[in-house]
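Labels run A, B, C and D following the written order; every chain starts at residue 1.
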Amino acid sequence: MSTTDLLTISGLEVSFGDVRAVRGLDLTVAPGEILALVGESGSGKSVTARAVLGLLPPTARVRGSVLLGTRELVGAGEEALREVRGRSVAMVFQEPATALNPVHTVGWQIAAVLRAHRGLTRQTARRDAVRLLDLVGIPDPATRVRHYPHQLSGGQKQRVVIALALANEPDLIIADEPTTALDVTVQAEILALLRDLRDRLGTAILLITHNMGVVADLADRVAVLHRGELVEQAPVDELFAAPTRAYTRELLAAVPRLGHRDPALPHTGADALRLTGVTVRYGDFTALSTVDLHVARGEVVGLVGESGSGKSTLGRVAAGVLRPDAGTALVLDTDPRSARRRFGFVFQDPGSSLNPRMTIAECVAEPLRVHRAPGDHRARVAELLDAVRLPADFATRRPRELSGGQRQRVGIARALALDPDLLIADEPTSALDVSVQASILALLTELQQQRGFACLFISHDLAVVDSLAHRVAVLHNGRVVEHGPHHEVLRTPTAAYTRRLVDAVPLPDPVAQRARRTGLADVPA
Amino acid sequence: MIGYLLRRLPSALVVLWLASVLIFLLIRAIPGDAAAVLAGADAPPEAVAAIRAELGLDRPVVAQYLHWVGGLLSGDLGRSFLIGGDIAGLVADGLANTATLTLAALLLAVLTALVLGPVWAATRNPWVDRLLTAFHTASVALPTFVTGVVLILVFGVFFRLLPTGGVPPAGLLDRVDITAQYLVLPAVCLALPVAGVLTGFLAETLRGELRQDYVTTVRAAGVRGREIVVRHALRGALPVAVTTLGLQTGALLGGAVLVESIFAWPGLGLLVEQGVTRRDYPVVQVLLMLSVTVFVVVQLLTDVAHAALDPRIRLGGKR
Amino acid sequence: MAGPGVAGRARCHPARLPGGAGVADAVGDGVRRRAVADRRGPRGVGPPDPVGRQEVNALLRGRGLVGLVLVGVVALAGLVGPLLVQWDPYQQIPDANLLGPSAAHPLGTDDLNRDVLARLLSGIRVDLLISLTAVPLGALIGCAIGALATFTSALDVAVQRLFDVLLAFPQLILAVGLAAVIGPGTTSVVIVVVAVEIPIFGRLLRSAVLRVREAQFVTASEVIGGGRGHVLRTHVLPNSLEPVVVQLALSMSVAVFIEGAMSVLGIGVSPPDPSLGAVLTTSLRYLDLNPLFALSPLAVTALLVLGFQLIAQAANAARG
Amino acid sequence: AVDARTSAGDPSAAPEQGGVAEVGVNLDLVPANVFTNSNAAITTLVGLVYDNLVHYDRDSLDPKPALATEWSATDGGRTVTLKLRQGVKFHTGRPFTSADVKFSLATYTDPKWNGQLISTAKVVTAVETPAPDQVVLRLDHPVSNLFDLLATVPVIDSETAGDIATGKRFVGTGAFAFESWRPNTDLTFTRNADYWDGAPHLDGVHVRVVPDGQSLLAAVKSGQVHLARGIGYRDAEAAASTPGLRSIPLDGAELQAYVGLNVTAPGLDDPKVRQAVAYALDRDRIIKEVFRDKGYPASLPWPRTSPAYDEELDGRYRRDVGKAKALLAEHGAPVPEIPLAYVGNDPVFTAIAQVVQNNLAEAGITVKLEPVDSTQFVKQLIGAQFPGLWTTNHSWAQLSPATLTVSAYPFNARRNASHFSSPEYTGAAEAAWKLPAATGPEAVAAYRKVSEQLLDGGFLAEIGVVLEQFVARDALQGVDWSRRRELDLGKAHLR
């Protein structure tokens, strides 16, 4: 629009061999502007983001121009880029699990980044690290700085990654799905934080997200990407009110909303999963305390709760990955470890749960091979990839050649490979854009109805849970604070905590969301 | 940590016992015994028999073993068949020399690897890469007995800068500068292949580590390239380097045999080599036991270092 | 002024947007995919081989290629070289004692009047045999033991302690002991090399395995129901091989030293058979007379070290 | 010998006082072996610290006075009376007396010390000490090599003899007093100012153990040591052409390289085959190429200065492949493959073994090389366990010829590694030994018989007489040695 644009991307092309991930993209971000970049999973959002800072793998070929102010970043030297990185432009990576160094504490990592651009002493850097962790809403930051990434929950890792990006107060933050792993309350805090940064410091934000609620809540302008090309961009209100492209319309239509599904019938079958009095401690910290939960055959139970409340821990206990300190977990009436052929598990971090050296086909076929499933494994793999909407030619790719959402779908395909009787899914759709998410949810519903498998569906996305689950359990600080039929828990919550959660769900409508935020109206879900 | 070591203690003791049996039998499996050496080429059979009896070699092997172990347990290492003196004294002298030499070499090798490995892994300059490749190739391809001879010829004979071998006449502790002069050639000679191997390993594991996603994160935060390698990636690469270092301890002790001989450095390597060729059983037994002990300790340290370096192993928690 | 931003915002491609259809088919991918779903299907669903297509391809390019060429040159020299030299490596040529390089003897003659070039070229064969059989064999056994031992902690402790004992014996002492039992000669060199390599690889692999075992994808495979063997084979091993590859390159190129040291002690390849180690050790005594005599076996070793190392680097980069 | 004299010292240069001579040796002391004359460190120690009763010059077997000043034989050589030098003191300050001679001889005869002349020593049935300066030896029968014994047995101090085996102390009457020994490191000696033959010029001697031949050479080249013992033939040759260095061949202390044959081995049991082996050897080439001409080819053990030397007999076996083949043809049956044992880490014998293999192959005998380590070699040697051939060296032919046949194990008429025995050889050897004197026509005739038996028996194929050598810097002058290669620095000086 003007020469004062902070970031000007023009004619950006990125390809990996034959794969053209970004095709002639033009985009600008003005100072203090929040631009949302949305689009289907695999449409090139993350690649674009990485291209800006020259962080693509060596296999990538980049053409076009990326101007930061007047400074050309494409083809710039490593040292020139280094000065820009972190200070002028910071980046929040999509998959926090692999974005952090496993062998250093998070505090150390933040301090190292702080010291990269500022001559801080070790102590001040340490103190600042604690401050930053506090800023992104990590409870008890003084202890957490000393934790290693594997000791944090998914959402906590994501917040650490955000803290890394905020460390040097950059002019532009490129945030790639910064809130996917966050429950709605924390998400709201982070969004508030970002907004505050923009308001106070004039920080511009290039926000990559599939969450239309977040877009509606935060963005000034929205750009829609489809298969590497920009298909539409407009101010947020305009786009939501009158999307011009069919694709955008479909995207908006696919956004799940709370309370749109009819109440499900109660289930009374035998238990597929039964947890009784499960308690898990990590050192002094009690992650779960005497949790009781059961999932009947053919039933979908949604497990919601704030980040760090113990959802994944519970999932891991159910899957037999973790032995509880007290209590028992029974899967299909036996020990989880003996029932492995009959249940599927979707990990919260799709990236790190795939062997980097195996092809996608090998990853998906692994359960078939392990259990010597009858039939043609190739055909089955093709079928599964198709079901999660991955093109067949992805079969020969390696995990690192996939986008975040694509990897997540590989995880789902793998979990479904053996037609399980029970599916334990830890945030299975967190990295998926609404349209793909809708089809995955449709797939799960369809399979569920056909095959009648049971499912423990862990998610922080209440709308998604509402559209799938029969029953919902709410976890808070390692305890189940409420559970019951989905429509009751999510529409007429009784526990104060649940109510807070439900209220924090952003509305996929900028006007309504703004109104709610500013407290002008209380629009019910 | 102490608890960890205590838990390992029983297995370590069992190993020492097994090793003692193995060593005892193995060196007796080598044909020929010390009596032949002591008797000399012109001795009549009676003389050999007399010597065997005097050394106790005519007794049943089990009795010999029990006698030896009994001695060990009561703190008596025995006497050398050939050198005559008490083994304790011999070993103490040799140990001081060998420890000085190997530790100096170790230090040299580790420092070299810590400097060159990261440089090699991170460099984009083809010349630096070639230079380091050449260093690695040369250090690995040149056996100690060649480097030793060349070092002596160049620094000892041609330039006459350093002594060609031997230990400081007045002892290692007398004057540090003199000791350093005597130490530098053998230490360099011993350290070179180890340095090459360590550098290679460190560089290669660092390259692997630099391909990880978290490196992108810190790059994105504008952390300097050098810093990424040294502060962020190195930690992840160290466990392999530590294992290699543990293995290279073997190379150091093995190399010491040759280096001590080339540089007339009277250490344990020389002693053990002599012991084997002259079938000086008591000496070999004690030295090999010492060597096994060192290895058990090195291995324990490696494991401890591993756990310390990788929190996922240390805090692995529940599985 | 109309910056690129304006153009960017204005630009869109309606033509490429798929029309109508439900959510599932809203995106072009879906349509195309359905159409191909029933064709041959993805390939390669078997267990991933540790040295796969990718590695092979990497070896045919760049560093890998240079490495292959270097090793190939040495191998070729060993295989066909002796046929091209006019001298027999065993022939003691009258009055040709310690001659310097000349047209008739490009590398001179040795202390027993034999042509050094002929002996060098024939000597390569023995060492290649050791490099290409004994070292990989030792590596294989070592890796197998090291990896299997991690199954149970008791076994692990036992095996590691055993390795301690083996490693604690200076290599040459081990060689002397073994040779005394089996008798000297090429077989005993091979056995010694195997015995020396087993604990090295065992321990190296073990330490890598311990690390990789903590990775999430290993847990993932366990949850799927993969048995220990399966997890080890498909996930842990392929991801632990990086240091093993480096060590393999090293061990293969320096096996000549073990052989050489053994021939110094008279327990190696028995004289008068030529080997690189034998050539090297005799040559050192004549460094002043004919430096080429000593340099040539070293050069061959250096070529091997460099070649194997480049191959290892390329293989690891391809696997990375 | 003349050469050695001139090279050993420049008589015109006035000897300077003081300084410590640095000596490098390639092998360390083995205290239990001090009486076996077996390695460089031992011969250095014994030469510096101990004296003998009599002394041989390097070119004759006429005994010269040392600790004994006069001697006389009576009773047909069965009683020998020695008069001892007066005023001699041990390094401890104690005066030397006849009791010490008795003690030294008794110690030498103790089988524990393996003195090589033990069979001669055992002939001495009684040692009487009628006066402090007089010793009477009673012999079982006359022996021609009694003075070899008196020139070999070191006179040791009875009070400190217990410390010899542990290497703590070596006390003698020699020109230098033992100071200390650090195993594998060094030996130090200080000047014996009271030495009866005149105080040495040097303040002391420092002997360093340098196990690696190349390093030892480097040490003498760089000036770190003045004298090096145990340097290879080729290296010594090269060193001799370096300015400031010279090589000193130990004339008079000859060694012999040989190929031994087990006469019970298949094929070798026929004397014709053994002679064929002797004809096949290329002695000239081995002496020239392996020993770098430090010696001469020989068919018999005797050096040219020996009373037993006979030019005609010594030239019996020259390389003659035709003759060897003819002898093998006479033998008829093909000779099976014969193993040849040698010390695998000894470059000299590794080379010889390969030359021998090559030589015999040309004559039509296949030889399989069997390198073994030195201990195993000695064990096989003294246990007579070699299955076929072996090659190594021997000494003791430089002294009285009879010493060889009674003391050098390979020649021992009663028991040897070749399993050879014949009444004729035993008879000839005994006869030569029991003579009252080592020289004279009677002796020469007896030696000739021994030589003929050796040549016909063919159980040992001599390669040649060879010389060990010192490599010394010109700075060290006056280096001397005994006929048993013991270092003598009593008259040496640094300049």
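Here, a residue touches a chain if its C-beta (ideal position, glycine included) is under 8 Å from a C-beta of that chain, and two chains touch if they have at least 3 such contacts.
Only a predicted model underlies this, so the values are computations on that prediction, with no experimental measurement involved.
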**Prompt:** Taking each chain's centre as the mean of its CA atoms, which one is farthest from the centre of subunit A?
**Reply:** D
**Centroid spacing, where centroids are CA-atom means, of subunit C and subunit D in whole angstrom** = 52
**Prompt:** When the C-alpha atoms of subunit A and subunit C are each averaged to a single point, how far apart are the two points in Å?
**Reply:** 42
**Item:** Distance from subunit C to subunit B - Cα centre to Cα centre, in angstrom
**Value:** 24
**Prompt:** Which parts of subunit B, given as residue numbers and ranges, touch two or more other chains?
**Reply:** 30-31, 149, 153, 277, 310, 312
**Request:** Give me the residues of subunit A that touch two or more other chains.
**Result:** 150, 321
**Message:** Quick check on subunit D: which residues sit in contact with 2+ other chains?
**Reply:** 214, 372-373
**Request:** Could you run through all the chain pairs that touch each other?
**Result:** A-B, A-C, B-C, B-D, C-D
**Request:** Show which residues of subunit C lie in contact with subunit A when the two form their complex.
**Result:** 1, 3-9, 11-14, 16-20, 23-24, 26-30, 32-34, 36-48, 214-217, 219-227, 230, 234-235, 238-239, 319
**Item:** Touch list for subunit C against partner subunit D, complex
**Value:** 92, 97-98, 111-113, 176, 184, 264-267, 270-272, 282, 284-286, 288-289
**Prompt:** Hey, which residues of subunit B end up touching subunit D in the complex?
**Reply:** 30-34, 36-48, 50-51, 54, 81-85, 90, 93-94, 148-149, 152-153, 156-157, 160, 163-167, 261-264, 266, 270-271, 274, 277-279
**Request:** Provide the residue numbers of subunit D that touch subunit B in the complex, in ascending order.
**Result:** 28, 30-33, 36, 38, 111-112, 114, 116, 165-168, 182-186, 208-212, 214-215, 218-219, 221-224, 372-383, 392, 394, 396, 407-409, 415
**Asked** Within the complex, which stretch of subunit A touches subunit B?
**Response** 50, 53, 55, 78, 82-87, 90-91, 93, 95, 98-105, 109, 112-113, 116-117, 148, 150-151, 161, 164-165, 167-168, 280, 282, 321-323, 351
